[in-house]
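Quick heads-up: structures coming right below.
In the two complexes below, chain A is the common chain; its partner is chain B in one and chain C in the other.
Up next, the complex of A and B:
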């Protein structure tokens, strides 16, 4: 195979294919300027923006303090949805409670916003991060139970436990599904209770206030 | 017996600066996050990438970046004589450590703190240039997994004849005895060398010659890897983003 070697600067267009929007890692996209910023899938090096992912090139415009800025992104999937591979501070995750203790509940993180993770990550839900009331008034077993599916926000890293710190203080965060004593599903029936679909038994939970969910 | 005949050709009919034929397939495994299969001449390698995920061993965890873990193994049927120990011998551990250092230099590890990326390479058929082919298939699998990298790593090997002539992409019959062999990996086929391995003794005047020849060979290999990744993402993304391409056509501006 006769290889056409770009020993000079790599351009975003593939040689011989016209102007293509597909880029591979290492392609030089644009020089860094006041109006151009590197977004997802790109990095800056020596005054230029390079692609760090293989995918399609996207550009959009944002306005920050009366100043228009273009952001360059490289996305692997089509459309506007973004794919996450691991949690980051500030994102909303879907987690399942594994076990509860005196001061915190251990969870496993399964989704980041709309993306299902390929691998689970550990999370810690501390007692003081469940409800916006005093710490002494919270009873952990009345907020979450093992087997619950919760929506939470990542607020940091637990330094000594190598886990993500989760928080359900906001109204929209909390339990969205639960498991009863017989293994049946329990659905939210109010802002503080879940109800079994089989026996109609009620248990207290910190329920997420999602309009479509609390019916 | 020499590598090059008196007419200037090698035993398989190549010129000294020509690389072997590259065949590839990305996305071989559905259960892995990224996978690739590569044939470089008659050297055939499978690679699977898992991660970033949470490491099981707490002691290896790094607070500011992710850990790259590589494993290299040869199948028992990959060589002429059946190999009793597929992995764990000194040479496979050496290859794994060299690949780890090469991928650490290219992957943007600071994007994934406290996590780990695993790269598993399995040699199916051995015909020389194993380390270079492993690095090439690893970078294809990492691109398939969507791990951000500074560029595709392209690797090539180079042998030096006693009279100072460089032959790139050596096969198993050229990997013999006391022939000095150099394996070099660069980012995007340019001058950033992320892996260098030299076997046997070499005159220092010949080192610059085979370094330059190996770097040119990595540029050729990078063109093949670039075509492989472009073909794969067009097949994966192109079918479902026809409408987006038409809508965003006017937004794309290219300037150099």
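Up next, the complex of A and C:
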């Protein structure tokens, strides 16, 4: 084990696996070196790695280009608690369609990957970002409807608006649940249609190709 | 620190320097055990001194509202402050904001003032609330890692249940603890202290309004001759940087430097208590 450079500091942790010490923001953890990287809940300043969250210290090892690197992380104490999540470019989000127009559909983002957001974020699903082919022949009302629950990927930020640009071009993205005219639920029955559970009426949708969903 | 006005001016000078984050190479972070050792020595020193050099009874409690994360109750003697953090969430204001950084909105509510609302004094209290709110918001912008919350907004709601002096210091500590308790990433905790330097040079640490009444002066001509200086500092202890420095009154430059140094020294004495408050969260 490598000794910490602060010889007089008995509070700082020594570099090693399984170090589970509780830290608060501002605690100096380790000096910056080539073998150490600052992960989640930490930051680098003045040649040292500091904690930016209140929680337990975690360290794990990864290998990059045949070089072992230890990553320092600070995680919240409660395992059930998720840290604050926000939509970022490239993530998969669960959104609900609010209203549709000629060129785009307005959505509200409720989940990011597997985490539920504490507050909703607005998203915009443009017509050209719904289907991978024949973009000029797409009719938006045949792909999504207000009330649909969709899986989408964040591809960017909207200009002059506090919203995110969404995309359902991939096969695994699209509508996973829908609402019928009577307010009943409509479930996917094929890759392009949803069916009402009450009236058996069918409507066209851009359905997400998820194996468990189409059983 | 720039030169302060001389006593010969005879005018009222209210100066506020907020959100100071010095990036000089001479300013070095303090190791953690040095902080704890210094505070222990400080405590030993204050026990020998008079009662005027110690804080009032302090209570800091996280999870003050229904075990909800991000709520903190801070009590300095008779000054009681509750702080709640909501967010990150979508930006509500349609102002021209920086798209790459998050926004912090501070809402300050003073309940003790509202109960004794007089038409003449309500304007003064609302002005003081606005100044305190601006000071807290500016300090929090220095504390929070805002680059992680782009296109998002963090709401900090501060409620002053009772005001007996030192509201800004209590609000800074409460807001900092609430942000940490809610899981928002910050650079450091914020410790704050409020002191008063009397006309004869004596310094009172954490005075209460009932003991040392500091009347709000709206006109500089009415400023009393035996005025004293009120200083509030907010400190990032590990990084050794100021987040907030606010003073009201007239002082010589060397007196002001001494007052600020004493305020910083006393704010660092609160670091073990802040740390203990966050550590107690582990037992939940």
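By our rule, the second predicted complex is superposed on the first by the 187 of 215 C-alpha atoms of A that agree within 3 Å, B and C clash if a C-alpha of one lies under 4 Å from a C-alpha of the other, contacts with A are read in each partner's own complex, and residues count from 1 in each chain.
Rule of thumb we're sticking to: a residue touches a chain if its C-beta (ideal position, glycine included) is under 8 Å from a C-beta of that chain, and two chains touch if they have at least 3 such contacts.
Given the structure is predicted, the values throughout are model-derived calculations rather than measurements.
**Q** Thinking of the overlay built on chain A, is A:98 touched by chain B (first), by chain C (second), by both, or by neither?
**A** A:98 contacts neither chain B nor chain C.
**Q** Going by the contact rule set out at the top, does A:121 touch chain B (first), chain C (second), both, or neither?
**A** both
**Q** Of the partners chain B and chain C, which touch A:46 in the superposed model: first, second, both, neither?
**A** Touch partner of A:46: chain C, not chain B.
**Q** Name the contact category of A:30: first (chain B only), second (chain C only), both, or neither.
**A** first
**Q** Mind telling me which of the two, chain B or chain C, contacts the most residues of chain A?
**A** Of chain B and chain C, the partner in contact with more residues of chain A is B.
**Q** Once chain A of both complexes is superposed, is A:69 in touch with chain B (first), chain C (second), both, or neither?
**A** neither
**Q** Thinking of the overlay built on chain A, is A:58 touched by chain B (first), by chain C (second), by both, or by neither?
**A** Only chain B is touched by A:58; chain C is not.
**Q** Please identify the positions on chain A that touch both chain B and chain C, taking each partner from its own complex.
**A** 6, 9-12, 22, 24-26, 28, 41, 43, 45, 50, 52-54, 76-78, 83, 86, 118-122, 157, 162.
**Q** Which chain B residues qualify as touching chain A in the complex?
**A** That would be residues 19, 21-22, 33, 50-54, 58, 61, 108, 112, 114-115, 143, 146, 148-152, 187-190, 216, 219-224, 226, 229-230, 232-234, 237, 240-241, 244-245, 248, 251-256 of chain B.
**Q** Which residues of chain A touch chain B in the complex?
**A** Per the touch definition, chain A meets chain B at residues 1, 3-7, 9-14, 19-22, 24-26, 28, 30-31, 41, 43, 45, 50, 52-60, 76-79, 83, 85-86, 118-122, 157, 162.
**Q** List the residues on chain A that touch chain C in their complex, please.
**A** Interface residues on the chain A side: 6, 8-12, 22, 24-28, 41, 43, 45-46, 48, 50, 52-54, 76-78, 81, 83-84, 86, 118-122, 157, 162.
**Q** Which bits of chain C are touching chain A when the two form their complex?
**A** By the definition above, chain C touches chain A via 28-29, 31-33, 36, 69, 87-91, 99, 145, 149, 151-152, 180-189, 236-239, 275, 278-279, 281-282, 284.
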